[in-house]
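Below you'll find a set of structures to go through.
Two complexes come next, and they have one chain in common, chain A, joined by chain B in the first and chain C in the second.
And then the complex of A and B:
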């Protein structure tokens, strides 16, 4: 146990081999961090189980007969009070019962819980359903859950229709329950209309490559590559610089909070494990382009190593840039105004003395939140800078300097950071609070001489003489990498400019692109403890893909009805994935055919085909038209 | 909705006429943006119904025309920002389709303001809400569609 009485375990390892801790047992933390950490410890636990990996053999289930006239069942979810707090569930159930082809309707407290799933299975079995409508949250996060449950009992997963009455109804029309109820009813009516037109689809399979590519050799990439390689998956780690370690590599960081271990020591330990793991490391190598899909990606490597690499999964660990203050706070004007990174590099050179332009400063001022929590640059908190400034302040204070830290809020979320903060105060570091929206002013003639500000707590203006100003710069999305991988992999980027996870709780390291995972500061500012935990989580998630022998192909793709096709070639011309191709079926007669493993199912060709010869499965004309019709038809008679 | 009702609306500000708006959205960006508005509890006008397709490239003129023919007062076509389409090119194609659709809608005798195209990303929950509010206000100003026969849902 740590001094706070909470388990002492950075990134899940406890002081006993084979016992792991995670979540708020490690320290107070929010759900996304708990989930990332839980995946991380699962990965660590797997390392002990190497060689004992259980191949999950799924018993072939007997497929339920879904033919015949639609027999629709509806489950309306309360989602606790998330939906039921605004909408009248009983009314919706009753309303749904009266819709065409509906044979069963029921409410469910939490449809996605184990109990909810059991209710759902029961509903299907009891009423011999062949279509299912679930009025609940968004299909983007929950359809996979319901599809899986249905697959397990042999109910074709493409016969499910989700109606979004939470994210797009109860949550956004909370103050208008009457309108929200009306909207929910209509959406359910539309969902039922679509369900009546759904057709069972069957997933094809292609072999899965069991290898992975990790892009970026910082602490995140090193951790992810090690975790995967130890499990026996062939891993290639590419680093565009000449050395591994990213920000930890010399000369970037000196001591690391919370334990104040030298960065070199931590890095060496990690590199030793990486080497033992057998991962292949390629230095001075970048990734030019990537094509393919989960299980079958093809990456074009350039630089010192040039090759076409085939892998099943990809981990993006390209790190983050630091904010460049340019003219702000006299940064480019005064030689004694430096960034936290520049101070850290000076400490790497010499951690007993700091010299600026030939003289030793007797006082130093730290300015926090430079480029962070600023709507113009980065609206979020960079998370690492408060503890880093305190860490550096303690070091300088121990050299005998007078230290003042100018802050808006001190955020000590990381383990041990609050203790460091108290230590700094004990050592006489002065903390001055600046009002929200205000900035300190650094003034001087040829070098910075003082920092002026309005002290929020004292309620008056202050001028603090200083020999050195340290700007605690925030993190910024790594460029050009973020834009580049966003373009070639279609991984989403959030409003803050960093790669965006699929879902903060349900998929903190996943992206909308299956088989592509995120690790470290590439996803958003964080410190090493969180970076390492997230990297292990990404490795654990990647290994779930890699452990399979096959990848199932999305059956919701497009298909040409050859009798209708007149061989104009429009589809072949517009499809960026080169899925459709013209085939000469008899001399002079061409028809298009779509390669199902290349087609992504976007449906663009369907809307362009002048002959109406293409069907986009699961989003057919008929299904969409049925929804439009239902929207405008109020009568519910069967 | 009958023209008589419109007149009544014009007299009393309290019983506002509510339009019937159809929104076509792609799964990856604009539909996700609507979900983001939900996760952030950003309240907005409730008088629209969403139809999800995988990509805005799937939204063919026929869908929009059908919605208007059935009595929609406004139709919003939405997708990822140009360059962000999950399928690389779908929204560029959607843009071309949209131009064609606009002409056809004009031929139906409908005002241009009843049809709109917006790019909304998965992160832009607030913008989604703004677009909905703004478009609702715009359509409300135009009043019921002349093709609206009155048996549509309110």
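And then the complex of A and C:
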């Protein structure tokens, strides 16, 4: 236990081998951090387990006969009071019964619960259904559940249509139950119309490469590569510089909060583990391009090592850039205005003395949130800079300097940071709060002499003389890497410009591109504790892919009817995922073909194709038109 | 498969003289689609129509694969009017719920149907420039604009301005002292809907348009678009309540008034001419465009090997089939046009420009098939002496 009485377990490891701690048991934290940490812990726990490869052990099920005229069954879910609190479920069941080709309709308290799933299976079997409509919540989270249940009993999972009467009716129209009811009826009518047109689809399979590529050899990349290699997966870690460590490598960081251990020591320990893990490290090597998909990526490496590398999963750990203040706060003008990184480098050289232009400053001012929490540059909080400034302030204070920290809010989110804050105050570091939207002014003639500001707490203007100004710069998306990998891998980039995770709670290290995971500051500003946890989580998630022998291919993708294709190339040009390509089938005649494993089935090409040559399976024109027609016809006769 | 022969089919086959077919196969040998490998055999369709297997004929893709270019009929020794057969069979198909796979997701057909329903207010004339003299209600000459303003808006990425031809036509009319009626209430002529089988919506458009022109009191109706012209000349005839005005293609009108047009010398140009299928084989208008090109100073016409009656159409086919074979035909045709050494491909139908422009966007062929296109009216307007 740590001093706060909470388990002392940075990055999940406890003081006993084989016992791991995660989530808020480690310290107060928000869900995304808890989830990332939980995945990290799982990865570590895996190391103690053997035989973790996933083998297919399901018995092959006999497929139900789904041919013939549609026999549609409908389950209307109460979702507890989520839906039933606003909508009249009995009315919906009754309404649905009267729709064309519907042979069975029933309500369900929680369709996704075990009981609900049993009812579903019962309904299918009893009425010999060949189509299913589930009026419940969002397919985004729940369709996989229903699909799995159906797959288990041999009912083709692509014959299910989900109608979202929760988010789209009971939730958004809570105050208008009458209209919400009408809308639910309409949506169900449309769902049934589409269900009548659904066709069974079958997932394909391709072999999975069991190896991984980790891009970026900072602390994140090192951790991820180690975790994967220890599990026996062949790992290649590429670093474009001549040494590993990223920001931790000399001459970047001196001591690391919260423990004040020297960065070199931490890095050495990590590098030792990396070496023992057997991961292959390529220095001075960059990634030029990547093609392929989960299980079968092909990366073109350039630099010291040039090769075509085939891997099953990729971890992006390219780190972040630091904000460049340029003219701000006299940075380009005054020699004694420096960034927190520059101060850190000076501390690496000498942590007892700081010298600026040959003289030792007697006072120093820190300006926080430089380039962060600023709608013009980066609206978010960089998270690491408050604790870093406090860490640096303590060091300088110990050298005998007078320290003032100009802040907007002090954010001591990470473990141990609040304690450090208290320590700094105890040492006499002055904290001055400036109002939101205000900026301090650094003035002087040939060097900075004072910092002027409006003190939010005192409610008056202040001028603090200073010998040194340290700008606590925020993190910025790493360029050109972020744009480059966004382009070639189609990994999403958020509004803040950093790589964006699939979902903050449900997939904090995953990306929309299967088999591509994120680790460290590449995904957003964070400190080492969080970086390491996230890197382990990414490794754990990657190992889930890598442990399989095959990758199943989503059959709900688009396909070109070659007879109709006029080879205009629009689809190839428009597809974000580079799935379509033109092939010359006879001299001078080109047609497009879509690589099913790259296609996401998004339908963009389908709607752009001038000749109607593309079919988006599972979202065919017929199915969509049937829904639109149903929207505009109100009669419910069979 | 149901094999009920309905009187409707028999009637259709009869009107198109399908009975006269003696199975010589000339049509299939001629058909441009068949020649590039498409599964279309007009001969088989004619025979099937004679046998009267409704479902077979209607669900057979060949019905919508046909370009209705009329080349086969022009070679048929028995005088079978194949396009008529297709036109009427498509109406049957539409009646049975079978529609073509419309290119561009059917958006163009939706626009036409919106105009047919007539409840949408159109801003149809905002392209008129100040120098163009027109009137909106009554006059001796009605100038029919067609839907060029819609096409230019719908195909911005093709870099075509089919409206240039519309403006040029009015400029020439003005020069001849004519202030034509250009109506804000014109609607799509319905040509494509008719050829897609949607007779009901076509009729709505036909009634509206015929009434519009009748109420203008015009004695002459001048039209630039080859498809509109075919529709007015043939398909609208039953809808006139009074005696129809004289319906003329813009080239016919210009030819009639050539003496009153003074041209200035231009830079020398060699051009080649694409006969639109509707203007050429459907209506027999081959000479007026050529007479006009002849009259323009410094313009030399270099004919393509397949021209006039033997011309190959732009393969755009009434927005009902735009596929690999259509593209093949377009590419071949553009190569043919380039082989004449012409600087411009001149045509007199906006659709030819659209479909050829689409083909020219091919990512692999580029200059092999790229050739600037002009509508004939713009050549005339540009050559008018000041």
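Simple rule for what comes next: the second predicted complex is superposed on the first by the 465 of 638 C-alpha atoms of A that agree within 3 Å, B and C clash if a C-alpha of one lies under 4 Å from a C-alpha of the other, contacts with A are read in each partner's own complex, and residues count from 1 in each chain.
Definition applied: contacts are C-beta pairs under 8 Å (C-beta built on N, C-alpha and C of every residue); 3 or more make two chains touch, one makes a residue touch a chain.
Since the structure is predicted, the reported quantities are computational estimates derived from the model, not experimental observations.
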*Examine A:607 and indicate which partner it touches, taking first as chain B and second as chain C; both and neither are also allowed.*
both
*So, does A:462 touch the first partner chain B, the second partner chain C, both, or neither?*
neither
_Which partner chains sit in contact with A:588 here, chain B, chain C, both or neither? Use first/second/both/neither._
second
*May I ask you to decide whether A:563 touches chain B, chain C, both, or neither, giving the answer as first, second, both or neither?*
second
*Now for A:283: first (chain B), second (chain C), both, or neither, which partner does it touch?*
neither
*Tell me which of chain B and chain C touches more residues of chain A.*
B
*Look at A:553 in the shared chain and tell me whether it touches chain B only, chain C only, both, or neither; answer first, second, both or neither.*
neither
*asked:* Let me test your reading of the model: by the given contact rule, A:201 touches which partner, first (chain B), second (chain C), both or neither?
replied: neither
*What is the contact status of A:153 with respect to chain B (first) and chain C (second): first, second, both, or neither?*
neither
*Which parts of chain A are touched by chain B and by chain C alike?*
607, 621
*Using the touch definition up top, name the residues of chain B that touch chain A in the complex.*
18, 20, 22, 27-28, 31-32, 34-35, 37-39, 41-44, 46-47, 49-55, 57-63, 66-67, 70-72, 83-84, 86-90, 93-94, 97, 121-124, 129, 151-154
*For chain A, which residues count as touching chain C in their complex?*
562-569, 572-573, 582, 584, 588-591, 607, 610-613, 621
*Can you list the residues on chain A that touch chain B in the complex?*
138-140, 164, 166-169, 171-176, 179-180, 182-183, 186-187, 190, 486-487, 490, 492-495, 500, 512, 556, 574, 576-577, 600-604, 606-608, 616, 619, 621, 624-625, 627-629, 631-634
_For the chain C and chain A complex, residues of the former touching the latter_ = 101-105, 322-328, 331, 358-359, 361-365
